[in-house]
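The structures come next, written out as structure tokens.
In what follows, chain A forms one complex with chain B and a second complex with chain C.
And now, the complex of A and B:
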């Protein structure tokens, strides 16, 4: 369907992008059958980190809001899912054989707190995994973006949020398990039968693909154009009649929801969640994945999270100082490849080029044949 | 006839400094009002106050009979007031086409922008805007690669795409070559056939090319108002411009 108007050969279907995506998906679908048990769950974990990086890319890469709080959204989702798995331990598996979690017993709680109790039920827990981080993000976002705080000040606020929440979770030991977090959780079951690692892998792969596809779909629309404009000059876009704060609150909240679900899937895999993932250090890791992968490329941060994770895994065996190597790598990327590793690919493989319709020379609408 | 835009006794204060002191201004359908005045006279501030960028201390701004004093910029823009800034305020990373597309009149809500389709009507509008601003051949070039003058036209195009009933242009010819300036004059004249236009300008040659009614601002107040000839022969205006010789040499 070639509909040539004003320079756009309107092929509504991004064939090239779909083919490349399908090949990528196929590789990830075959991988679990050649990988060992360790690599299978390790790769599952890295895909979730990758998804988290994609969610940050939406707010940082596209909209220009640098956030160190994405670990927080991830972890809030993680806690929701951890409570669910903890509360669904069989009485035999629970050390005390009662229906409240062991760490609550240690801390002298006798009754399950009302705000945690409903998380025993799957639909509620699933909803909370997305809704709690989203609501939290919405409230913060509402105040930050409506009050026109911008630039580096937002980033400072996100740092403060990450620190404050870490302290808060550590201090509320009876409810959160303190520094240890929630450990020894049950594995995820589906109608009474435990989901094997490979099943979890495919659930996570599906979720990662969903987040990537949704993000791509959003960013190639006019909505994405508005996000990029906010990034370049947010004052100007307001004079065109766009409510900038509304756009920022929306993408910020959506991104938190995506991160929360990733955190929710992380817990059945990792078997515990703790304030470590709330802390600024983890939030910084997410920022590094996006910076190295390439801001505004979506797939770049996803791949960077996986590659860096693998790299850390091997470097860890050679030296304890692998973080130094990651630091040096980050410096090199920031200084010499400021647009990230994805910018090393030839232009015709760039996301913009793969998803945009083909261009032809302009001609008046009256000359077109439809 | 009711004014499209009417400014009544407007005062704007920046931390004690009175940038505008009791300014009155009326703009009618399809006319070009040119605002001149020395640096710091409050020309840009006046436009800022109209579009809700600078807070109004006292006084009123009416647009099509409705009060818009101190509304937020996006609300004023949605009501139909288009504004072009002093420096080309365009999206350098985007193509000319995308810049115009963003500015196109329509619903600017989130859902609308996610589901927006590039309809034939929209393409027609964009074509029309690009044609009026002589940018058809650059439609798919990144704005970055355009000349300074062309960037100014992109911004005028963005204002046009909003389909406002009134267009506010802040120094549209700044940094342009003589040829580009003349073309800009023609573009503005063609805009004025269907819109009201307020232009802030320094270049007296250009003012003479486009001006119908001139308002002279000085130290935050309206000093004089009238046709090119009336303003040029006004004693007070000549005194204000004395030493700069702008008016006299231009005449």
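And now, the complex of A and C:
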């Protein structure tokens, strides 16, 4: 971004950011050898929530579209992966043989529905984990961004989508397992051998790192610049000849795909998926992570999701009312720290600053004065 | 093994529908009428819950996601009044109004006031508020379900037809009629306040041109606070009336939030009367689709229809098109 605007000739390699990220990655790579089994899977879970928060940050923090439907994309990916794992249960573990999952039998289905059957095969399931949420998001995005519907109404639409889908999934018990969702799934295996929790941890860590890196690269590119301009002044950027809707649809779909994959990885870890994650409450949880961590900071929501999760884990042992504390925290952040907790860090650790190329020419415009 | 037929796909969508209407002898008109009549009951609840939102969102443009929690607070006020003072449900309604309006005024003073002109921040703050209110109520009353008694003179059904077996296929409970009556009365009262009093004129002046109203000596801050408190008070009345129909619990408000929003968005916020049309449309279509298919599917279809509606007419169905 900076080199395009200011015409730097030097390398745009952000040494500082890379060093900090590598240190962070190293810490996360060492952690599983220190932590117990519970924390290992708990941290994996929180990293997925963090990834989900990063995907929302792309559309909300950078583009200004507040969505309560990111839990929906997450869960759609989750269901795709849950069907795969459920259909690959060994015959011994499945009450009614390998052909059809137990909850379908309970609800009177005799034949595996054609739209679920292909999910037995790994490549198709993997594709569906990303493609189903992405396609769903694309349809919604195409539908709403190509109209004059503005910010707040889009948010209300996402509320309605989350609410409607929850009702739908609960009602289609034979296909989705109803309120219980899909439970007792098999664990993820790789060519016949089961992946241990630590393996899953590293897969998730790799995915989280990939999402963070991709999001960072996207937002620092010219594409990201357009996104931020849309956030700041949509009309003006449209006057400049950019097809605003196209950009919005793209980032919305990409973000849904990221969320979907996170959901897909969530199921082998969590061992079940249910409409709880579709509901408005979970979608709001994601919004809270982003708001508290700091919009447009990428790493902020990621850290917020992990810290709040850990906090909840400890608070749960002491009191049942940790939600109240989260509510107060959210209120305080919105009222007094509108840019989130990341904005409390010193300016030179901000994402924008760290993303700058390291070698700055001697008389570069100084940031200190402004 | 695999069933690729179109029918299986269709039946997957309408599986429950078929179960709901197994007899293919054509629609029973009497049952449909009964369902439509009971839809009126839903309309009453929607109108009650949507009315407060029509004030806070329609008039003040505040995205209030804590609206459901004000309904919940009203229900708890009723519960407390009935439990400790043995009051009749009807008597508790003014207390529910005053109690929630007071809390609404405090909320406006401490939170909403700081966020005018920043809709997304307001949305977040009110969501935080809704969590806090739920948490506080849970602390005071525990998560236990509470029950509120409906007055005995409102029990029973109003029936229109009686068949040989002595049962009446077309009937509506008096309590649902009572809800409708309260809702309509509140709508009329609100319309009178808005279009017939000086306070209402000031509110409209502030929403149309805040600066100008200020110049003309309107105390805009007081008006903001009063209007928000009034909207919250209406939600409290809704809670008081609904409390006898369902159980009272801290998360109860969530059930009404999305529906109230759908009503307001459908009806449009330009005219208060739009809220009546919006709740009638949503309530009745919900009831009739539920009769033909089933309840969850009806909800899904209605929500989808509202989404499509927002897409094409974000200003609502019953708004007069303005010339730019």
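Definition applied: the second predicted complex is superposed on the first by the 345 of 370 C-alpha atoms of A that agree within 3 Å, B and C clash if a C-alpha of one lies under 4 Å from a C-alpha of the other, contacts with A are read in each partner's own complex, and residues count from 1 in each chain.
Just so we're on the same page, a residue touches a chain if its C-beta (ideal position, glycine included) is under 8 Å from a C-beta of that chain, and two chains touch if they have at least 3 such contacts.
Treat the numbers as computed from the prediction; the structure is a model and nothing was measured.
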item: Which partner, chain B or chain C, touches more chain A residues; value: C
item: Partner chain in contact with A:221 - chain B first, chain C second, else both or neither; value: first
item: Which superposed partner A:135 touches (first chain B, second chain C, both, neither); value: neither
item: Which of chain B and chain C A:250 touches, first, second, both or neither; value: first
item: Contacts of A:281 with chain B and chain C, given as first, second, both or neither; value: second
item: Partner chain in contact with A:152 - chain B first, chain C second, else both or neither; value: second
item: Touching partner for A:229 - first (chain B), second (chain C), both, neither; value: first
item: Set of chain A residues, in rising order, touched by both chain B and chain C; value: none
item: Residue ranges of chain B touching chain A (in the complex, touch as defined); value: 51, 53, 72-74, 77-78, 83, 85, 89-94, 97-98, 101-103, 108-110, 113-116, 118, 120, 123-124, 126-127, 130-131, 136-137, 139-140, 158, 162
item: Contact footprint of chain C on chain A as seen in their complex; value: 66, 99, 111-115, 117, 143-144, 147-153, 155-157, 159-161, 163-165, 167-168, 170-172, 174-175, 280-281, 284, 287-288, 291, 320-321, 323-331, 334-335, 338
item: Touching residues (chain side chain C, partner chain A) in the complex; value: 1-4, 8-9, 12, 15-16, 63, 111, 114-115, 119-121, 123-125, 127-132, 134-136, 138-139, 254, 258, 261-262, 265, 294-297, 299-300, 303-304, 306-307, 310-312, 314
item: In the complex, chain A residues that touch chain B; value: 5-8, 10, 218, 221-223, 225-226, 228-229, 232-233, 235-244, 246-247, 250, 359, 362, 364-365, 370
